[in-house]
Amino acid sequence: MKTSFESDYNNGAHPLVLQHLVETNNTQSQSYGFDEWSEAARQKIRTACQCPDADIFFLVGGTQANATVIDGMLQTYQGVIAVQTAHINVHESGAVEASGHKVITLPSHGGKMDGKELEAYLKGFYADPTYEHMVIPGMVYITFPTELGSIYSAKEIEEILHVCRRYELKFFIDGARLGYGLASSECDFDLAWLAGHCDVFYIGGTKVGALCGEAVVFPAGNAPQHFMNIVKRHGALLAKSRLAGVQFDALFTDDLYFHIARHAIEKATALRDIFLRAGIPLRDSPTNQQFVELTNTQKDYLMDRILFETWEPIDADHMLCRFVTSWATTDEHLSALSKALKDIPS
Amino acid sequence: MKTSFESDYNNGAHPLVLQHLVETNNTQSQSYGFDEWSEAARQKIRTACQCPDADIFFLVGGTQANATVIDGMLQTYQGVIAVQTAHINVHESGAVEASGHKVITLPSHGGKMDGKELEAYLKGFYADPTYEHMVIPGMVYITFPTELGSIYSAKEIEEILHVCRRYELKFFIDGARLGYGLASSECDFDLAWLAGHCDVFYIGGTKVGALCGEAVVFPAGNAPQHFMNIVKRHGALLAKSRLAGVQFDALFTDDLYFHIARHAIEKATALRDIFLRAGIPLRDSPTNQQFVELTNTQKDYLMDRILFETWEPIDADHMLCRFVTSWATTDEHLSALSKALKDIPS
Amino acid sequence: MKTSFESDYNNGAHPLVLQHLVETNNTQSQSYGFDEWSEAARQKIRTACQCPDADIFFLVGGTQANATVIDGMLQTYQGVIAVQTAHINVHESGAVEASGHKVITLPSHGGKMDGKELEAYLKGFYADPTYEHMVIPGMVYITFPTELGSIYSAKEIEEILHVCRRYELKFFIDGARLGYGLASSECDFDLAWLAGHCDVFYIGGTKVGALCGEAVVFPAGNAPQHFMNIVKRHGALLAKSRLAGVQFDALFTDDLYFHIARHAIEKATALRDIFLRAGIPLRDSPTNQQFVELTNTQKDYLMDRILFETWEPIDADHMLCRFVTSWATTDEHLSALSKALKDIPS
Amino acid sequence: MKTSFESDYNNGAHPLVLQHLVETNNTQSQSYGFDEWSEAARQKIRTACQCPDADIFFLVGGTQANATVIDGMLQTYQGVIAVQTAHINVHESGAVEASGHKVITLPSHGGKMDGKELEAYLKGFYADPTYEHMVIPGMVYITFPTELGSIYSAKEIEEILHVCRRYELKFFIDGARLGYGLASSECDFDLAWLAGHCDVFYIGGTKVGALCGEAVVFPAGNAPQHFMNIVKRHGALLAKSRLAGVQFDALFTDDLYFHIARHAIEKATALRDIFLRAGIPLRDSPTNQQFVELTNTQKDYLMDRILFETWEPIDADHMLCRFVTSWATTDEHLSALSKALKDIPS
């Protein structure tokens, strides 16, 4: 079987997560979020976020978390602002619109939103005398790290937050790969800082060592009224909530979540080096996703040997390709890649 | 800790399901439904259903499965017919309406729909000259077994199916607890027969030994076009689809699914006997859910000793209470119940 | 052509309404609600309601007004409580559900909701430990007069309002035929009193002398934020808002609205007498809709001579039929009815 | 009072439309689309379109028509492709998203969609292996004339239609100002040709001489099943449908609709000349909307004398402004404009 760098969800659970599922399996528990492990995980996350009053809900996946949070925090008539390349705008099959909300798009800068462009948009919006005929913006959505592996600086996030406060917008950070962003050597803030600089965010589990699960955090205890009901209405309430609770309990014990993230970044850095040594250029990314520029010939050659995803055509002759690491990436995987690159055509 | 008969989702996974998760954990795989175990599970389910062409999708939970299937099979303007007590009408926080579809209700007969009442409703509907001002019925939804533990006979299902065909309605069977219905001694058909007598149904995993997961089956390969897209739009597509695939692969190996169901029914039958011997009446139910009629005094007395759910008040002095068994119910649990009933006030 | 008692929308505009359209036609104006007649009409309605701060919006039709108001005042996850026979539950093609809201039904008592049953429902709802899995009630909807021509007493409305306040529900009165209710000799309150006993209501124009138009009134200036945007989102904002503004300006000049209503009730009372003299029973209704119990033979006989609507079968041999009067009903119409009844079979 | 060129909906009905409302007012009629004038208007439109089998529905306004048609023709999970500047994308408060459908945007070329860009988008979409995670395109929406007054050539429309056929997309033409496009001297096709080159379009009445009303035409009798129900569900079914029927009956008698359009274009052409003679540049537009480039000083100067709309800032010093003509525009209006421009600062 070929070595795969296709994604960070092509593997099982981190062994310690799995072990916790095994060791708790025979205990009876409450359901629908009231099990003991969900409660323990919530406490550990509150501590990690330094948010003792945080409301925390465990949902199953990223699209579900995005759709539920956005619908839960917006008024029916409001839209959510995101960059053109945002996951909610491209790869969620219209889940946000399914709840009646428009995704209002701004330009993407390597996956990121520019605070000044956001402000200019809002200023222009409210200066337009016909704005009551337009979709009222109610929230700003960013991903951290972005779909392209880039990360925001603290200053960039502060700028966006400042605009949100000025225009009374909720600020939501999609952290499907949060660990990889925070563990990046280029990141100039930590989890507690992030929790203090938004209205809601989620800690992605699926892509960071769990089998499934995203922890939605309302840092100030500011979950919308009846949010559990909203979760249920979105088909996102687990009967056996222990499934998510146990996994997050493991992830937030002994810093496992960040241990996993650091491991993946270490392997991603090694992977970058392997490509660079082979004379193949990559886009900047300090996280576990690496975007490699291959000629179409190189792409076909490599695809015969290694599994990875094509991301998007660069031009008629070149393809941007994505290589992703995770807790499950080993030195053997990297060796297989090195070997495959050995005689790659230039 | 008190013995719990609260639900069939207050426990972990059946040991063989868990074991399969453990033994497959280190294998890399495709995602979003294309992993090898999902494919294997689909084949095994096709065989069990005697539907070689069936389209099968694994979703996470029951409400999600219901909302996705109903929205996927209806035209925007159509509604779904269900009995008053149906799960989609009562306990899904309006997930069906969230997609714009009305739940049109008929009377419940111990949780069941009456084929003749269905026909009378439809006949009256189309005889009403104002019917274009009403919600056009597009589907019939029943649960098997019902929320009250009762089951339909083959004849009753045939009657409903016959009406559906005559009025061009889709027929959807919610099988959140399907195993317990089919394994019941009173059931006069099997899985293959059921698959041949509806347009879509699902095989509940969450409540029958899995940690999560429902297998939605379109027996004739009749999934709506782009159903995967519809699943994604509902936030119901697992990135690590192996989580559901592995579990259903285990459940449909060596008849485990029905083994679990039979075990639970055996324990439920024993539980019935324990109550009857104590002189306490129960509603008829041949499945793993037992509905017990307690005086309020008895209820309070028993609640101090055993965990169970109150279902609904019968009158000012009596409460209908639910006791549920599962793969995890043991003889020790039953003994604890017997002991607790020993000196129960009459 | 046969005389028609089919509805109160089978005619044109009241002559004074039409005249105002003609005399204002050549004046240029603002649009989207800012025209001078809309503003004048709002002032006149505020005066009539004794609500100087009322927010008032003119929408085109009843279903549109209901769907827009309900969606505008509810949170996404909330439902609206109505009786089984309510227009929003039966005859609006699921317009409320189209915005994602469930219609929660209570029994109908001659078209009316019972305040005590409402309270019992809410008490039971919040006593149910699973209520977070159910649709949270957010509003009570009643029609005045009801679909069956009946009217609430002040005491009955106070009871419902009291329950709404206690359970923090919005109270919405659908006044598609408001004039006929208020002008009824049995009504023990007036427009100003009504405006003081609900959160929002509308004054129906379409069925009371206009070509189209319903005036939605938020008596305390309590329109939801951005309600104009909500109206636009529902496709309910008239570009040439003068169309509605001019008509309501006419209707609320010199008491025309109630003049029309009294005329129709006078004719309805005469119509009742005609049926009673012919020995044909009617349901109680003090408004402009009369519900007549005909044998099927009588119904067929009369349908050959007069236009009216069948409402619903009473039994195998009898049909409930609806006869409606309006500003356009004349003594000639009544004479034609008398004549048609002359030799009706018994 | 200042002369207004603000819009083509700042006036009443064309006198012949109004006259028809007056002369039919005292006739009783059927409702909900079954009145005699709606039927007559449908026949006249069928003749004008040379589509004897066309299904035709009269709705009240443009946003309502767009939302209802798009929702009625799309599957729940599909989106509609439009240019960035399209009315449905900018000025309908999210009415399309309110029904759950994403507006997928392409670049605007003076308000127009480019057939080649459309094809490239679709080719790229289906070449993307993740397209099942994206919104499936189901329809192409264009406006004729566009929001910027430009018009498509027959060749451009054929190109788009060709792509639609190839990718199985519905093709919808929003004709809120249809008459002005067809009556333009630059238009190289007529109404019948247009009707033969799309799946659905509407003939705008509100902006072309009526008080309200848009005639939605399915040229091949291809209205979706139960479209009347869909219309009702969108709150768009007029009880007194005569209001729309009578107006369209007048508009399609003796070519009135195109007479109105030609009149407005004649006045728009004169208005262009007035600006050009004053040395003020305009954007190209062969229809009744003219887009004038004013300095901010000129804009302020002119606004003190004449009513018009600012469209959007061109740069820090210039504003694009919109001047619109209609049936109600007179030579006196044009003289007032000339006079106002006399001493305008340069």
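For reference, chains read A, B, C and D in written order, and residue numbers begin at 1 within each chain.
The rule is simple: a contact is a pair of C-beta atoms (placed from the backbone, for glycine too) under 8 Å apart; a residue touches a chain by one contact, two chains touch by 3 or more.
This is a predicted model, so every value here is computed, not measured.
Among the other chains, B has the CA centre that is most remote from the centre of chain D. Interface comparison, A-D versus A-B: the higher count of C-beta contacts falls to A-B. A separation of 50 Å divides the Cα centre of chain B from that of chain D. Note on chain placement: the centre of chain A and the centre of chain D lie 42 Å apart, centres being C-alpha means. Work out the mean CA point of chain A and of chain B, and you get 33 Å between them. Multi-chain contact residues of chain D (touching two or more other chains): 76-77, 92-94, 98-100, 132-134, 136, 229-230, 232-233, 237.
Chain D makes touch with chain B in their complex at residues 32, 71-72, 75-77, 99-100, 132-134, 136, 225-226, 228-230, 232-233, 237. Partner chain A is touched in their complex by these residues of chain D: 76-77, 79, 90-94, 97-103, 128-130, 132-136, 310, 312. Interface residues of chain A facing chain B in the complex, by the touch rule stated above, are 1, 4, 6-7, 9-13, 15, 18, 21-22, 24-31, 60-68, 92-95, 98-99, 206-207, 211-212, 229-230, 232-240, 242-243, 328.
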